[in-house]
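Both complexes shown next keep chain A, but they swap its partner, so chain B is in the first and chain C is in the second.
Moving on to the complex of A and B:
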């Protein structure tokens, strides 16, 4: 016994180290087993659906549709997970890397392109019904379809840029608002903005601005609007290589905004540091006669928050060379790791039937991607701008940046910061153009080296 | 020991290793040697974030130390309600950085923020300033928010240090006719030196690692002006998918912080030996 004790004491260091190693390995194995058990449960339990609907009405509609599915499919339930736009990216990235990812998730085409390039997403093309394929507009499919025909998500809502205007202020200034048949040009906007910019209380400070625009992260809106000027920032050469250029059409668009901000002083400078949503309180307070380049969803905020008697309407897109604009769609996707793609896709087809797409669009105040929904009388009301918004579908167009590896990084690392500097008057338009061109190519080169292909 | 190994050491070692790989989201991990560090040398976004990081850390630490010391000296005067003040003083520190960030975002709000309201009513500004998105004001704005939350911590350490200085030293100095400033310079400061070194080192480490507060306030904007190193590492990993490169930034931060940790430990060791 004494020998054993002295042996233990002699080798105590090794024994402690050995015990620690056994403990660590046990914890590791236990963890792995727990993950495996959980993963088995994930493959047999309810399908998990991450929704990003956030407007109260939209959340209710998604809940109702999911309940309808669950009632009709007791053998395959769907668990609704309510996500938020602010946190979804980190949530999904972590989920993809750990394997704990919802079976169906809501996001947007510009980002799922990046997910697709990383191999995270299932190809949904084989599961799409003919009815759905034919009804969703081609331009919306283009935002999620790879050149091989693989479909990375089902587009169900499209972002459409609108101009909100204060009807009373426009009438008071004697300005005649444009119609779908007779849209304004940018010059018309400049003239109207001058008439509508006023110092109402005579204290020498402008308190009613003709226009306002949320320019904090303006890359998206500038990219989409540049199409109307015949530009696009991204150009392919004959070899199929991409090049970023800020040429005449892009400069014309940015120059128009700069003219209103810095020369005519008919655009509120407060928009430089704000998002589109942050312009709404000023619009409702009568500080801005027109809010340019805001999403159609903003109408819901106006309806919900406007004082009684506040008269407003929506203008059709401004005409430059055309009225076209780039499209970004909201999508539903299925991860490649999902073992029940067919049934998950059945749920998506149910959720995005023509009737449900109309309900979702109406409750989120966004443009539906289906032709049948666009024609639905519920989305044709004049008073809330639906007629103008649904007519915008004809102007949607696919920018050359769709499917471009590195676009997300380019936008947040190059375009947005440089536009912020430009609109804060720290650099000239020529400097901004030069920097965008030179900095873009170094960012995009990282992706070209890796040979990623859409 | 085992929890420390599991929770701290293993992830740390793994994190350091990933910094030497080309790991990208969705891809495989393979050892890439010093490639990430070679890229880092030429990456102006990285150097810019390091520059902002050092500026933020230096200014915030300096202000925290000075204001914390002033606060501690005031609380050490034996005023009435000192205990109450000491408790109230801890409130900003007790708030998580995210909550502090939300509070300051509201204060700085161009439309409904208290700061613009006060300055406009006082006639100091004509129109509301968008503090957090303005190139001129964003850095001062985050510095104020950062300093506000961390002063109590410094003050608390200093107050504890002040309590350990024997009163007899001040009495002797007074008898010799030393002014309050001379007493502060020749008694308080030298006696507080070890604790000051500790607070400076720890504050530097905490501030250099700041994330939550800045993320809530500016997300690194405008134009990347407030993109501290931790934000840069986060964006590289979660926004752009360069996990290996993000870990490499983390490794560089660990080295910088280790230097301060070394300084802190050396002071502690010196103090114990003396």
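Moving on to the complex of A and C:
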């Protein structure tokens, strides 16, 4: 005992410091807990809405609409949470697993499939008004509707792939740009690309490329474009089992790109390691006459960043067998754990009214999913490419990968890396095709074993 | 004559060696500094110049528009305040706990020391994503999710093992003879700690404060998942909102906000720099 006392006396400085630290931390945390408990009691419970709008203009529109709702519905406020595309998946997954998830969240149709399959999402079908059901195009509904009729999210913006072109360079080369009525074929593109690829300063190095394309994560664009060639990468057999095949139509599409990159050398090789957005500076600098397979949102980057006098326009989709292309939609969903689905859905209907959908599409420079918005004069301006973009709605088509369990994993772990290897010329097209087929089917088989069904 | 030639050739070799070494150091320094310089340069370029596709280190036209945009966004300022709060409190608590613990671990050999050190190393193995969900559930049961205090608590727990490991290494370097000499002169244990050990540990404390602050200041994932209210958002989470889908970003404001984000770390390092001066122990013990 005496030893203990002397030990304590000897180390009293330490002990006091340690106790002080523990005391400070405890008081700090206890105070915070008390505040939280109190605030939980007085919480009136606003609905939490996670938005992924990120452009200044789009953020402002979402804020305005939310404020309008809050003014009109003092009894049921909505709290806007600004999310980020880069981390939304982790944010939502942890939210679903812990039960602490926003009541309404913004994401995209290709991804919410996995959430739906895990039983995380509420079926919104019973809450959708007739007006909304009729106005949103069927192809967009198809991206979020299960075969049972359950609707996993409300599609409000659709991604549409476009071709941007430099009007001055096209005119200078004497190339006649295509129109909605008279679109180009891939052969037309090859011919024009040859005319537009130039060594302007005569130093033996090409400084103006006919085309450019961001190929870093090319799976998405190749999937969507393959539909025009009559392909789709995913094929159902008679038993209803899915199989990945890189057959003639898919090879034709990839071969066209390979021809421009490696044979004709009319496509800038710098796009191999870049995203679509990263091609814009080169386009604005006049290094690329055309940027192929970029999202319609890219127009906003051009409008905001182009030097004065920069003349540009948008081409309609290239014609292969058809001009069709796959669609991916941005959606608003409600978690199944939400206790106030009806009122949350009321907010979604308010947010996605025809007028508001037009505003959201205009601010995000994307295709609205509503027919009435597509016809709105604000989305028909010729100078900013809206006329061509809205006309693209007729070519949207649902790929067989919609609702496919494991599609996201397939895209990121199989397709993107293999395409990357191919476009870097590390493997041939046949090798790429063979590897995609063998590796894909093993990934998808895992999901089939789990028994997940859209 | 031969000796003078030899000396001259040795001196020449030394000079060339020095020159090469300085050249290497300078290259390495430039390599480290280049991203920062590029970020600062970008933050002062006009949007048109950023998107011109012509790389240039010095902006053609200097503009403060991106800083103006950033400072007009109230939430970014709020997030800076939140990050400062979280970083400072974390650094203080981490050092308060780690310092005595590091001293005890390095000076008092007990059977549990090895176990404790082993556990500290083991705890570093787990990635954040692995513990996120259980951690969230524990914090929620304590009503500490969506609070800065909860985040501080996580950062403290996350940072302590490394800081403790680092500090106990420093403590080990301090010769025990210094403490014994002080004890012979009649100093109590407390006096030994605060008057002998602490001044010698200042560089280590500086490094620990810097590490704890910067790791809290830069941390993204815990802040993203644990904080739901927009008002509580920290700076890294706010910065992520300048980037969008498919590689798009608001590059100008992002560069300006990122530069602002580096300032506290630079300032803190400048303040603590003198603590890092080495050689405090040189000659402390004779022989």
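Note that in this section the second predicted complex is superposed on the first by the 410 of 454 C-alpha atoms of A that agree within 3 Å, B and C clash if a C-alpha of one lies under 4 Å from a C-alpha of the other, contacts with A are read in each partner's own complex, and residues count from 1 in each chain.
Methods note: contacts are C-beta pairs under 8 Å (C-beta built on N, C-alpha and C of every residue); 3 or more make two chains touch, one makes a residue touch a chain.
Keep in mind the model is a prediction, meaning the values are calculated, not measured.
Colleague: Kindly classify A:54 by the partners it touches after superposition: chain B alone (first), chain C alone (second), both, or neither?
Modeller: Touch partner of A:54: chain C, not chain B.
Colleague: After superposition on the shared chain, which partner residues are touched by A:98: those of chain B (first), chain C (second), both, or neither?
Modeller: In the superposed model, A:98 contacts chain C only, not chain B.
Colleague: So, does A:282 touch the first partner chain B, the second partner chain C, both, or neither?
Modeller: both
Colleague: Figure out whether A:270 sits in contact with chain B (first) or chain C (second), or with both, or with neither.
Modeller: Touch partner of A:270: chain B, not chain C.
Colleague: Figure out whether A:301 sits in contact with chain B (first) or chain C (second), or with both, or with neither.
Modeller: In the superposition, A:301 touches chain C alone.
Colleague: So, does A:205 touch the first partner chain B, the second partner chain C, both, or neither?
Modeller: The first partner, chain B, only.
Colleague: Look at the residues of chain A and decide whether chain B or chain C touches more of them.
Modeller: Touched residues of chain A are more numerous for C.
Colleague: Does chain B (first) or chain C (second) touch A:131, or do both, or does neither?
Modeller: Neither partner.
Colleague: Check whether A:417 is in contact with chain B, with chain C, with both or with neither, and answer first, second, both or neither.
Modeller: Only chain B is touched by A:417; chain C is not.
Colleague: Touch check for A:86: first (chain B), second (chain C), both, or neither?
Modeller: After superposing on A, A:86 lies in contact with chain C but is clear of chain B.
Colleague: So which positions on chain A get touched by both chain B and chain C?
Modeller: Of chain A, residues 24, 90, 97, 216, 274, 278, 281-282 contact chain B in one complex and chain C in the other.
Colleague: Could you please specify the touching residues of chain A with respect to chain C in the complex?
Modeller: These residues of chain A touch chain C: 10-14, 17-18, 21, 24-25, 28-29, 31-33, 35-37, 40, 48, 52, 54-56, 79-87, 90-91, 94-95, 97-98, 100, 102, 214, 216, 274-278, 280-282, 284-285, 287, 295, 297, 301, 304-307.
Colleague: Which of the residues in chain B come into contact with chain A in the complex?
Modeller: Those in contact with chain A are residues 1-2, 5-6, 24-27, 45, 110-111, 126-128, 130, 132-135, 221-224, 235, 238-241.
Colleague: So in the complex, which bits of chain C are touching chain A?
Modeller: Counting only chain C, the residues touching chain A are 47-48, 50-54, 75, 89, 93, 96-97, 100, 103-104, 129, 132-133, 136-137, 140, 142-147, 149-150, 153, 156, 188-190, 193-194, 220-221, 224-225, 228-230, 237, 240-250.
Colleague: Quick check on the complex: what are the chain A residues that touch chain B?
Modeller: Its residues touching chain B are 20, 23-24, 27, 89-90, 93, 96-97, 114, 117-120, 205, 216, 270, 272-274, 278, 281-282, 408-409, 412-413, 416-418, 420-421, 424, 426, 450.
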